[in-house]
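Structures for review follow.
Each of the next two complexes has subunit A plus one more chain, namely subunit B in the first and subunit C in the second.
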Partner chain A sequence: MRAELPSLLVSFALGITSVFAQSGELTMPKSIEAGAAFSIQSGGSGKGTLYIAGPGQFIKQDVQLGGEIAIAAGSLYNAGHYGVWLTSDSSTQIGSIDVVPAQKPSDITFIAKPSRLPVAMHNAITGSAYVFDAYGNLITRPMQVSFQLSNPGTSPQTRTVESRNGAAWTQMDSASREGKAQFVARVGDVSSTRIVGQVPGDPCTIKMSAKPAGNKIQLVTVPVRDCTGNAIPDGTIVTFTETYGDVKSTVDVPLKKGIASVEMPSHRGATISVASGVVLGNQIRWAQ
Partner chain B sequence: MNSGGRLLALALAGATAALVVIGSMWPNKAAAAFASGQQFTTAAGTPEAAVRTLGEQIRAHAFERAYENLANKGEFSEQQFHRDLTSGWPDLRTYATLSDFQVQPLHATDTDADVRFKMQWSTVVGPSTSTRDLHLVKNGSKWQVQWPIQKEPVVPPQVIPVNYLRWDVISRSSAEDWGAQDVEAPHVRIVDMHPVQRAEGLVLLGELLNEDVVPAYVSVTATLLSKDQKTIDTEGSFDAISHQLLPKQVTPFLIRFPNVTLSQVGSVRMTPFSTLISASADPVIEIQNEKLIPAPDAALTGELTNQSGQIANVAHVLGTFYDKSGQVVWVGDQYVDHALLPQTPVAFRIHIPQDLAHKVSSERTVVATYSFGGSQ
Partner chain C sequence: MMPKHLVLLSAFGIALSAFAADQPTVHVQPPHLQGPRELQDQTARAVVENYLDSWKSMSKALDQNRADLLDRDFVGSAREKLAATIKQQQAAAVRTSYQDRSHDVQILLYSPEGLSIQLADNVEYEVQLSAGGKSIGTQRVKARYIVVLTPSEVRWRVRIFQADAQ
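What follows is the complex of A and B.
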């Protein structure tokens, strides 16, 4: 907005001037692609000043009236509607031009969410792509955007979506094996890659065994896995609870190398249970 | 300056002078002790007076003088006495002050007596109470306390290998494109929520699960809405929650709404918050000998044992209490004011409101620990 304010003020001032001066129409293209060169055909004679004002851009140029005024490539690059004024001591000629985004995509902004999710989730990965030209203008004409989610060891999931108003989006399933998937959005020869971490889900079952360790019991789980066979990551909390009469002992143990292990007080007849999050494991009654 | 301002200045100056005179002539005992050390009550004519004198000396941090008056000072050093009261390792007691104490006679003869000495400490997380039963002996005309020293456990010098996971977080930089990827906040879920009407207001109890594979810093906010969907109040769990959750860990939470009744509430909007946090899976704390003590004085008692090598300076114990159907009926907590040294049990006691004690059928306890130079 701050960038556009001087242009608006100039437009306003030139507009007032043109009301009181002799006016004429400039001959120029109705629209050009961002950054394209173009020319303006002017009438009259002598010297004049050309003003072009639009979104975030303002050009002032001394010109010779009565001929073709060349505007170099790269001069107008912000997409939008521009006002054009050609003034001299005796007259003002006016015109307007629309700058549209370039046809060729040059950049793609790709938002992939979430960046980490459990395995085997249907339509849980969302990708949104926004296509821009070399000058950062959103290309609003429909374009074919392809999305590809590649998981190590499996064939990639691919979707092709037509963009609407510059945006295209899709949904993908997470794989059944854990690992980092590459999520790529591509339009033409432009692409953008995001990494989606697919992590194990809740433990499927938790099974522990117990053996005496001096005057204590050593409790060890078998390697904890989710329902698709992925090892639950180290650091996940496994809770061991020993109940003996009305006395209870609890330890929250993080998984280490896939298993949880702890020593707890040994009481004949004690009941020991194991759980992780909302998943319950087996129960042992200690008889030794 | 106008006359009104001059009058106010004179009044303030007069009031200040008057307060200085009053403070100098009739000083507060603790302040006097800090200032000169000459104003202590030194009465020891009765067992209670001797214990009160000891209490005032401890309150004023005059440990040297308190130690000098003990009957059994030959059994331990002044440093050990000081450590018994303020801890040898940095913990809540290290930065606490004795705000008040009570003296309760238990037994007395002409030559010896037993007195219960209940100390109320002010710590950075709130009040903490400890009780010592003191034996006193009469020495001439003076009663002297035999201090029941609890010597700091000594952990033998050793190397304890620790190879639990540690998670570090690198977030996106502000210089990156607006669409650039950032690390995902941990996924957490409220697995239980239950309102309880108490005399002081409405209390929301519940449990929060970190269902992700990364550690989370969590908190819960609740907004009460009236039946016509207008906001009544918004409150957070503050410290009635374990803020750091490792993967698949569950914490209870308690949110208080003072002066709100359940009949006013049409619905509740719960907002769990989570963010990634650098954390360590160490230390592992075992909770041993958990026992529900029935009313009166209902409580959950137990012992915390640090199974790791890292000293946990502050431990916060949270108890979730369930009825027979497994519904949460109360959440209680207690800060343990002593550091958890490796393999050294420290007792805890969580109070259960008497009117709820008969409903409690089972419990689950979690511990949050904080170590100087890092937290877990």
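What follows is the complex of A and C.
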């Protein structure tokens, strides 16, 4: 016993596997595809208990020793590494098995951002995808993932990306025309679609005209558009500013049917400017 | 003879205690990023720390067969699969004790929209299977884990947790 104690501690320190007597390694496949049937060749005789343990799954099965133990299809399906123990009254046999994801993709998780953005933005739409098998295992072998962004009235943008460790991503430009785009990620015959709203960008220019209206000036813009010709949405604020001497008057007006219109006090020599957001329009000096 | 058994059990118990108190060695490689999104050092540190914490949670949860211990660090399919394993262990009246010995972690992807980070971990751990308070056996494992974490309110949580075949 004195001789056994140090050797047991050394064995433990080396990570040798069991506190029970062990009579060998199990004969079994090194790896299987998720959900596949397989068999384990056991030694000994009589009845035993089989344990297959991993973080992803646990299986316990009463078995007859000394023959082939069949594990039915669909029993072990979560990808990962599993320790295997086969115990009887007198011995424990051990083994291990890796479960790899099934070959066929069955699901794709697809995140597209943003869901709404201005037109004509370079690389502003991103999509990232993770590819899974029927058991929800991440398929880590490289696969061709295609991303397609389709805008009404224009040819679609397509990128094909090889997944790495189950993940693929891409970047796309927003279209020059406003509207809803379909963003599709596809692998094999599995696809996932997201809708990306593309809205007009900032006004490209703002041009106003002025005419007298009694003792006031009527100011009207031409229809306000972005730089690719999309109408700026109604409700967008246009700011008119009249400066006369030390007096400055400002009026915010929402666009209605694409134009902004307002009446301001008429002062000979006043300067009137128009702007929306950071975009500055023309300036008028009122001479009447 | 009896006292010698006790000495043996006692020595074993001390070894186990020392074992349990052991912290794994951790090596973090510089990120090998695919993707356009820049990864700040603070984010990278938080992700690795939260991921290492998840091993502690998983180990406790599988050892005590308590799925609620997963809630802080796991979400989505990773949590569902671990919780299912705990149910299967409970039904079989067994428990598993995971002791991670070393990690070699590298961040692989920060997704462009910032909603997921993928890392690989070459991990060494020991797993002990016990039934009825008795150990059935311990195995030492080297595995490469592929992990995807997603941000939650205050920390990154593990959403995909999967050992890749070596």
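Simple rule for what comes next: the second predicted complex is superposed on the first by the 263 of 288 C-alpha atoms of A that agree within 3 Å, B and C clash if a C-alpha of one lies under 4 Å from a C-alpha of the other, contacts with A are read in each partner's own complex, and residues count from 1 in each chain.
The rule is short, and it goes like this: contacts are C-beta pairs under 8 Å (C-beta built on N, C-alpha and C of every residue); 3 or more make two chains touch, one makes a residue touch a chain.
Please read all numbers here as calculations on a predicted model, not as lab measurements.
Visitor: Counting touched residues of subunit A, say whether subunit B or subunit C comes out ahead.
Guide: Comparing touch counts on subunit A for subunit B and subunit C gives C.
Visitor: Which holds for A:207: it touches subunit B only (first), subunit C only (second), both, or neither?
Guide: Neither partner.
Visitor: Quick one: is A:235 in contact with subunit B, with subunit C, with both, or with neither? Answer first, second, both or neither.
Guide: Touch partner of A:235: subunit B, not subunit C.
Visitor: First (subunit B), second (subunit C), both or neither: which does A:116 touch?
Guide: Only subunit B; A:116 stays clear of subunit C.
Visitor: Give one of first, second, both or neither to describe whether A:251 is in contact with subunit B, with subunit C, with both, or with none.
Guide: So A:251 only meets subunit B here.
Visitor: So in the superposed three-chain picture, is A:81 touching just subunit B, just subunit C, both, or none of them (first/second/both/neither)?
Guide: second
Visitor: Touch check for A:57: first (subunit B), second (subunit C), both, or neither?
Guide: second
Visitor: Quick check for you: in the superposed arrangement, does A:166 touch first (subunit B), second (subunit C), both or neither?
Guide: Only subunit C; A:166 stays clear of subunit B.
Visitor: Contacts for A:92 in the overlay, against subunit B (first) and subunit C (second): which applies, first, second, both or neither?
Guide: second
Visitor: Going by the contact rule set out at the top, does A:126 touch subunit B (first), subunit C (second), both, or neither?
Guide: A:126 sits against subunit C, while subunit B stays out of touch.
Visitor: For subunit A, give the residues common to its interface with subunit B and its interface with subunit C.
Guide: 111, 113, 130
Visitor: Which residues of subunit C touch subunit A once you look at their complex with the stated criterion?
Guide: Of all residues in subunit C, those touching subunit A are 1, 4, 7-8, 11-12, 15, 34-36, 58, 62, 77, 81-82, 84-85, 88-89, 92, 94, 96, 98, 108-109, 111-113, 115-116, 118, 120, 126-127, 129, 135-141, 143, 146, 148, 160-166.
Visitor: In the complex, go through subunit A and note every residue touching subunit B.
Guide: 109-117, 130, 192, 194-195, 197, 199-200, 202-203, 233-238, 246-254, 256, 262, 264-265, 276-278
Visitor: Note which residues of subunit B are touching subunit A in the complex, please.
Guide: Result: residues 163-165, 167, 177-179, 181-184, 191, 209-215, 246-250, 281, 284-292, 302, 307, 363-367 of subunit B touch subunit A.
Visitor: For subunit A, which residues count as touching subunit C in their complex?
Guide: Listed in rising order, the residues of subunit A that touch subunit C are 1, 5, 8-9, 12-13, 15, 17-20, 22, 31, 51, 53-60, 78-81, 83, 85, 87, 92, 94, 96, 98-100, 111, 113, 123, 126-128, 130, 136-138, 140, 164-167, 169, 171.
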